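This is the structure, below, for whatever I ask next.
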């Protein structure tokens, strides 16, 4: 079996999750990192990987978040934090930036989620609560446009219910758009007909299946670092 | 009556036609001059008029045609002749250039024509002959996009038939898109319900109506230089 | 016809007075749709929004990526009761209390549009495109009531152009011909909004002579620029633009 | 993933060999759709078209503004019998005798598209737009057989995206990251075609170091650029690009 079960340790920390996502991003990819936890992936990209970061507010070649005197109010990421510019960067306006995204030119985007379904549906923009103010930002465009959409989330909600579900109960961001789901206890591929578990941390596949109440297949071929397909 | 009849002289020469078109273009207009005779209008624009020339192959602020050592193969007009760049020019790609046109941002374009109908239909791209190779270029985009489409043409074809007609017999370039028709013997406004003759050269309105076999109204208000509406 | 007019904070005129003059000349009026540039504070035309508040036009539809932060700018416009409807991608922010309160009180209409669709709908308006099929939002709440079509096996949503009567945007520099350049990610919605509005008003951090901008590097050609407010102070220092 | 590869005419490699290497690496093959940049000779990727002829791929669909001039470039590709169909706005020119002859002999399929629609259809392909309504061509022969719709009182034609398998374009300079700038009106179709093709090959008059291009002035970001052929000769002189 090619599914890797790390049962000799506990679940991943948030930083470890970011490192696992970074590990899987192919060298030379053009990548958009969503607001929040996905942003932490940047720090784990291997120097020399040639990964180029896109920010939907109009830039390729985005560098790390900066603070203090280096902060430039005209140079921010999608979370409106000041960032830096790397050599080889370019700027473009919002329509061009989202054309780049929607046109399928980005290799990878990493997003957070409330729920992901077994068929790769994503729910990450709206709780559906009656008093919630809906705010979508670029989430639907990112979910629709990138060649591979990677989700980073805890596998269980605060109430203990799974967030990888047969069908999303929250309003959708995109249909069948997610490739992989990175959680603290397991890494899933949801791009095919079956949910395939590629790796677990702190528990076995058997234990996981019990907790998830979801049909899950084991991987039939190994997928090493830097390979999403 | 506000129609001006210049019966004390002959029809306009080609240069005089260009001068009349130039006379009518409002100061500060953004203008596209079509390939061929319309190009001659440029030389008659009043210095200081502030008219800015657009060429659909990606430039605002186009200067005159240049020859010899000044010719730059990377800087041409839509007719592929070398041109110059004026101060304040800008370059953009083809999609942006035609967005500018289609979006209604150009004030005026001047085009040649095979035929114009009484309701402002334009035919200028295709003779419809069975062995003709169709070639439309930017004609349909220009006809559709500019706020005012001015046509420059002889009023009669070589066989003596009028080119301002009740309905075009040649394949159309655009429907109801022409504002004015400048010919060697008369200037017509075709933007409204009636064909209105604004000015004649070398014959009277009465003589013209006889030759055209078309319902033509006289102008009821004066329209001076630099006014198209 | 669209020859750019310049409104300069110099010779006894303050920047605010220059902005007021531009807003007045723009013809902005109650009931209009106003496109407001910026992504967060980057590219936000603060001086022009302040002038819009002083102008007094109300019953406005405001199109902007966000719906105001803190108590200034767009938030102040909302607080002053001038806005009937907000069209944006992301109203909910940590400091969007003005919007949140008005929305929850039912005093503001909200149309949430995915950020890329928002940009593309304005691009369509500027480019004379009557509508476009777009996969973004297909199968979601935001496609409800919209025409859809499966193209190449994928569901698309028909999105319509989004036009403004007036656009208020920020840019880095204008030249005397009216051409604009932007600075870094402050470019964002400015170039698209400039094409999508009948009248475009721009605040810039300085105006340079014709010829000082590289024609290859002009981002917004002068044809899209109606009014330029030069925020450079008489002392030669610049305000942020 | 798309990291730009460079093919340089230097160290014993001729420009033609560099172009051949790029065409080979592009994966161009018989039956494909090839987008060819240029408006007349401005921006025409002559070295790449010559390499395409040497490559030998046939049954091609060629998308370009014109259909070849004289006996070189696109005209030579047509004369060599490699093209099944031409999609262009303006095939008929004073020196388009190769096209004219093949077309009249029924040996070439022709799709005439208004120039702006041609550009916008490729822009749609690159931007992930599934189709768009456009007023250009409404009520004319070129709208026959196409879906139409009246929007805001005006008839529009539904136009579909136009994708390429490979784009061959000319630019002025690339940097080592793969970003492109163009020169004057030689920009024309290049930036749009680069977005519309699965693989984009560019000939440039020189490659500069990363950092030598102003990030504000980059016209085609490296994400759209797969192969760069540097035509600068070993002597340091440049060929036209």
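We just call them A, B, C and D in the order they show up, numbering each chain from 1.
Please note the rule applied: a contact is a pair of C-beta atoms (placed from the backbone, for glycine too) under 8 Å apart; a residue touches a chain by one contact, two chains touch by 3 or more.
If you're wondering where the values come from, they're calculated on a predicted model, not measured in any experiment.
**Q** Going by the touch criterion stated earlier, list every chain that contacts subunit B and also contacts subunit C.
**A** Under the touch definition, subunit B and subunit C have D as mutual neighbours.
**Q** Quick check: how many Å separate the C-alpha centres of subunit C and subunit D?
**A** Going by mean C-alpha positions, subunit C sits 34 Å from subunit D.
**Q** Report the inter-centroid distance (CA atoms only) between subunit A and subunit B in whole Å.
**A** 56
**Q** Quick one: report the Å distance separating subunit A from subunit C, using the average Cα coordinate of each chain.
**A** 31
**Q** For subunit A, write out the residues touching at least two other chains, lowest number first.
**A** Only 85, 91-92, 98-99, 101-102, 144-145 qualify.
**Q** For subunit D, give me the residues that contact two or more of the other chains.
**A** 120, 123, 127-129, 134-135, 182-184, 216, 219
**Q** When you check every pair of chains, which ones turn out to touch?
**A** A-C, A-D, B-C, B-D, C-D
**Q** Along subunit A, where are the residues that touch subunit C in the complex?
**A** Residues 55-59, 72-76, 80, 85, 91-95, 97-99, 101-102, 126, 131, 133-141, 144-145, 171-175.
**Q** In the complex of these two chains, what residues of subunit B are touching subunit C?
**A** 26-30, 50, 52, 54, 60-61, 85, 87-92, 98-107, 144-145
**Q** Which bits of subunit D are touching subunit A when the two form their complex?
**A** Against subunit A, the touching part of subunit D is residues 1-3, 123, 125-129, 175-179, 195, 210-211, 215-216, 218, 221-224.
**Q** In the complex, go through subunit D and note every residue touching subunit B.
**A** Subunit D residues touching subunit B: 39-43, 89-93, 99-100, 103-104, 110, 112-120, 122-123, 134-142, 155, 172, 182-192, 219, 240.
**Q** Would you tell me which residues of subunit D are touching subunit C in their complex?
**A** Within the complex, subunit D touches subunit C at residues 120, 124, 127-135, 149, 151-152, 154, 156, 160, 181-184, 214, 216-217, 219.
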